[in-house]
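So that you can tell them apart, the chains are marked A, B, C, D and E in the order they are listed, and the count of residues begins at 1 in each.
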Amino acid sequence: MYYAASIAILITMALALIRAMSGPSVYDRVLAVNMMGTKTVLLLSVIAFLYGRPDFLDLALAYALINFIGVLAVLNFFQNAAARNAVNKSSEN
Amino acid sequence: MIVLFGVFLLTLLVITAIAIIRTPDLFVAVMLTGIFSLLMASIFFILDAADVALTEAAVGAGISTVLFLSALALTEQKERSIRPGRWLAVPVVVAGALIVYATFDKPRLGDPDAPVHQHVAPWYLEKTPELIDIPNVVTAILGSFRGYDTLGEVFVVLTAAIGVMLLLGTRHRKAASPVQPASSSDGLRHHLIPRVLGRLLIPFIVLFGLYVQFHGEYGPGGGFQAGALVAAAVILYALLEGEGPALTVVPLSAITAMMAGGAVLYVLVGLAGIVLGGNFLDYSVLQIDPVAGQHLGILLIELGVGVTVCGCMLSIFHAFAARDNR
Amino acid sequence: MAWVIDLLSWVLLSVGGIFILIGGVGVVRLPEFYTRMHAASLTDSMGTILILIGIMLQAGASLATIKLIAILVFMLLTGPTATYALANAALMSGMKPNKLALAEDSASAGKED
Amino acid sequence: MIASHWPALQVALPLLVAPMVMLLRGATLPWLAALVTSFMAFAIAISMASTVLEGEVIVYAVGSWPAPVGIELRIDELSALLLLIVTGASSTTLLAARNSLTAELEPERHMLFYAAWLLALSGMLGILVAGDAFNIFVFMEIASLASYVLISAGSDRRALPSVFKYLIMGTIGATFYLIGVGLIYMMTGTLNLADMESRLAEVEELKPIMVAAGFITVGLALKAALFPLHAWLPNCYTYAPHIATAFLAACSTKIALYVLLRFDFVVFQGNLIGHDVQFSGFLMPLALIAILVASGVALFETNLKRLLAYSSIAQLGYIWLGASFVSKAGLTASVVHMFNHALAKGTLFIAVACLGLRFASLTLQDLKGAARFMPWTMAAFVLAGMSLVGVPGTAGFISKWYLISAALEQGYQGVVVIAVILISSLMAVAYLWRVVEAAYFGEALTSSSSTTAEKMSEAPPLMLAVVWVAALANVYFGLDSTVPLALSEQAATALMEHLR
Amino acid sequence: MEWLGLYNYWVFAVVLMMGFYTVIAKGNLIKKLLGLSIFQSAVFLLYITMDKVDGGTAPIIQEGVSDQIFSNPLPQVLILTAIVVGISTTALGLAIVVRIKETYDSIEEHEIQAKDNHR
């Protein structure tokens, strides 16, 4: 029963990886990474039950939290890059 | 069946690694490294290494990505030179060939008769309930049987943090200057939704970190993971509100005190063992009942690990972020 | 009654898996960033809800269910937020939803039909 | 009672003080704390060495867990001697550190520098007392990371690319080591070195073990800057703060060599059939080439620190050469040369630190006429240089003598070896003479002497005292080398016992 | 199915080679560090592979469940330590790269060398 879901998750991970590699824009890649993160959370939850060790859901929880921080760090990076470009341009003018 | 999952994930891992090497865009490479870590963590989990998976997630996908991005923000995004240097492949191929050569005599994956499972390890599994009486054998080894290694690990992190402080300096301008609204010191203050949600999440992350810290004896987790998680929460705050507010919440002096305090606590617990008549890092003598002593000792040193790791991660993060403000 | 719960969670897990798969296909096949994001985020949330509820039914009333609820709440909060933040960043960087690409794609799709 | 805990305290003491040093402010307090700690560690090392000299191997179970499950600390003759070298070098150089460092690093960062120093010290000590393969890795990383930090504090901007290169190569080395340890662990199920040796004897599939031996040897050779893998060393020594160079040149590469000797003789040698042959057949030529090439490069080097760095690579070749004889005499020569080289090179670099206080640039060109301003410093430099060359009556002579007598046992190969030793000694005379010539007979550049005439004076008294104590130690151990020789001979005997 | 038992080791070898190649062949300093972390991850994989036992489960003893086979906890402990060492090295390396960028205005190895030789 869990197998069906986990196979679907694994295939989706592969698809997300394809998107992460092919791009084309950086945002596509961030999207793919985020997707990969959520899929990992699901995979861990499912496998925890597959192994009969529901106490390992802690891991999935930790991933869910860390993933969010990762995306915000990327966002912050973009914003800073934009700000830097603006500063550079104004200093050039 | 699950073995096949592992094979599938490993294949993805190899593909990701190829992509990381081939892409000239460093930002993309960092993103792919995040994926690499997530895959790695899933594989660890499938191979029964729950604690390692948790650490890899907190470190690889969390802290490491943040650090690489901070460094990228201060350097360049594109890799310019692509020098082929083909002869350099020779040592690489030699190393790989050697390893493949060695695999012919290696025990296969999961072989219960492998030498690794015959010596030492069964002792840990058998004696932990009796000698230390905590369910998580990994924590028992980490904290007590091989606690000296963990002591070293704490000091490795401390050394790295000291190095980053020495290289990048720690002095900040007290508060970020309010003149530049778009400057990075502002964080994501203009993004209302992430900001509201982030503020909502931070207490939960800290709470979860504390849970991981003190639940480490019963489930996956422990001082290192907890320290990284709590540090991640503060980093989240810094991302959302900017450097200045984050430093008022957790000032630099507190961070430095945490770095030093946790490490000192760990050594002091070890020395307490000597004072009370045992060997270095012998927790059995801490209390009258040896098992209770082990409990106390592991609790204290895990606390030391958590505090130092959290302090070090924050200090490293702030050191990078402070450069950004200049 | 046990078989009802089993059946129910089986259905939930399978449907959730299908949702996620559709999202994955969408992310690869759709022509342009915003449409891909659309595919990813919506199916993500739905798939997550279904799969986690499916597992919850199996776990029954236990600590695991509470953790699962926590995971679900976190995912439902952070997923859309991350999507929003990403879309915002893309838009700010001057990446406009590309009508041309969409039109071309639908036109070529039409031709193939 | 406390004496039974020396092995743990040896490492724990600097570890405990390091984070505290980080919290101190100013330039004096952190220095004092580090200095006192280092001397206490030195005292502990002396106490343990005296125990070991009586023929007792100190074994200590950390956490009271018995050996294969817990981590064991083990101090035999070899580690006792190296403990003396490391703590002694650290204490001596620290004495001189304050004056030297003030010129190179702003005082607000001194506490970080001294904290890193103590961490480097405890990392090295941790490797030396460890009896566990993985524990060695952990402390090796503390020592390496702390060394990177020390080097990166250098004031020249070229310190940064150099230290980055060192970081990359050092990490590759450590990771190779980890792979090797993993393979051995996989085949034996243990991490304890002594346990490994006995369990390896029962392992039948030797392929992974051979591969592990390869990885560990290459990895540690990288860390030890053995000849073809020495690329990181010259620049790091050149651009590091002078006093850090003195400390690291005296100890750091020898630690990796120590681990390599441990593994090769204790773990592998007896267990890998034909390993004996590979060892000498493969490493002796490398050592010989290293000696000749590195001495040759030093002959043409114009920067004083880099010249001494290349000389270090050549001297590492000597140590390696002695080990590659796989004989008791050879090992004795090798081990005693570790001691004597640390003494000579440490003294030379402290003298360089004195020069560095007065001269902004340390090229031979700029050092012309230095002896006129700093006669005492240069005299100590010459004395230590004589020890490096191996003039009778200095410490260096002892190790050269032992090396040559070990080579004589080797038959026709020995003749080649002796020829190389003699040639390279002549080369050492030549490259050191270039320094002496510049300092004593060179005409000072008019521009620099006129602008900085009043700055040109002898080094501060404390540094001068340190450099002279170190220089006289070179003479003392040349005349009476009972202690290092006794330890070396016992160490060599113990290592040879592992060969069956 | 026998080859599946060695698949992990082969992946370890391949990932190791790729990481190693990146470290020594690429000229970009950040890329080198990325390669270094891949290189180290490969070793983590080696250790974790050896801890697995068929039919085993993570070495956390469950109450009330007997006759469980547990995987080997020792490699996990070692790798926990190694991961921490890895991130420490990376952090220090990145700090050095940032300083190099500030003083040399480049993070490409050959450009840095050229700038030093130029003086």
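Just so we're on the same page, contacts are C-beta pairs under 8 Å (C-beta built on N, C-alpha and C of every residue); 3 or more make two chains touch, one makes a residue touch a chain.
Note that this is a predicted model, so its numbers are computed, not measured.
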Hey, how far apart are chain A and chain C in touch steps, shortest way?
1
Per the touch definition, the chains contacting both chain D and chain E are B
Take chain E out and leave the rest in place: which chains still touch each other in groups?
one piece
Between what two chains do the most C-beta pairs come into contact?
B-E
Mind checking the centre-to-centre distance between chain B and chain E? Centres are C-alpha means, answer in whole Å.
13
Measure off the straight-line distance from the CA centroid of chain C to the CA centroid of chain D, and report it in whole Å.
59
Rounded to the nearest Å, the gap separating the Cα centres of chain B and chain D is 32
Based only on mean CA positions, could you tell me how far chain B sits from chain C in angstrom?
30
Mind pulling the residue numbers of chain A that touch at least two other chains?
13-14, 30, 32, 51, 53, 55-56, 58, 61, 65, 67-68, 72, 75, 79, 82
Could you list the positions in chain D whose residues touch two or more of the other chains?
134, 138, 141, 145, 148-149, 152, 179, 185-186, 191
Which positions in chain B are in touch with at least two other chains?
50, 72, 95, 99, 106-107, 114, 116-117, 120-121, 124, 146, 149, 152-153, 156, 159-160, 163, 167, 188, 191, 194, 201, 204, 218-220
Pairwise, the chains that touch are A-B, A-C, A-E, B-C, B-D, B-E, D-E
Touching residues (chain side chain B, partner chain E) in the complex:
3-4, 6-7, 10-11, 13-14, 17-18, 20-21, 26, 29-30, 33, 36-37, 40, 43-44, 47-52, 55-56, 59-60, 63-64, 67-68, 70-72, 74-76, 79-85, 88-89, 91-93, 95-96, 99-100, 103, 106-112, 114, 116-117, 120-121, 124-125, 128-129, 135-138, 141-142, 146, 149-150, 152-153, 156-157, 159-161, 163-164, 167-168, 218-220, 224, 309, 316, 319-320, 323
Give every residue of chain E touching chain B within the complex, in rising order.
2, 4-22, 24-28, 30-31, 33-35, 37-38, 41, 44-45, 48-54, 56-63, 69-81, 83-92, 94-99, 101-102, 106-111
Hey, which residues of chain D end up touching chain B in the complex?
2, 5, 8-9, 12, 15-16, 18-20, 22-23, 60-65, 68-71, 108-109, 112-113, 115-116, 119, 122-123, 126, 134-135, 138-139, 141-142, 145-146, 148-149, 152-153, 179, 183, 185-191, 199, 203, 205-208, 210-212, 214-215
Would you tell me which residues of chain E are touching chain D in their complex?
16, 20, 23-24, 29, 32, 36, 39-40, 43, 46-47, 50, 74-75, 78, 81-82, 85, 88-89, 92-93, 96-97, 99-100, 103-104, 109, 112-113, 116
As the complex stands, chain D meets chain E at residues 134, 137-138, 141, 145, 148-149, 152, 157-158, 160-161, 163-164, 167-168, 171-172, 174-175, 178-179, 182, 185-186, 191
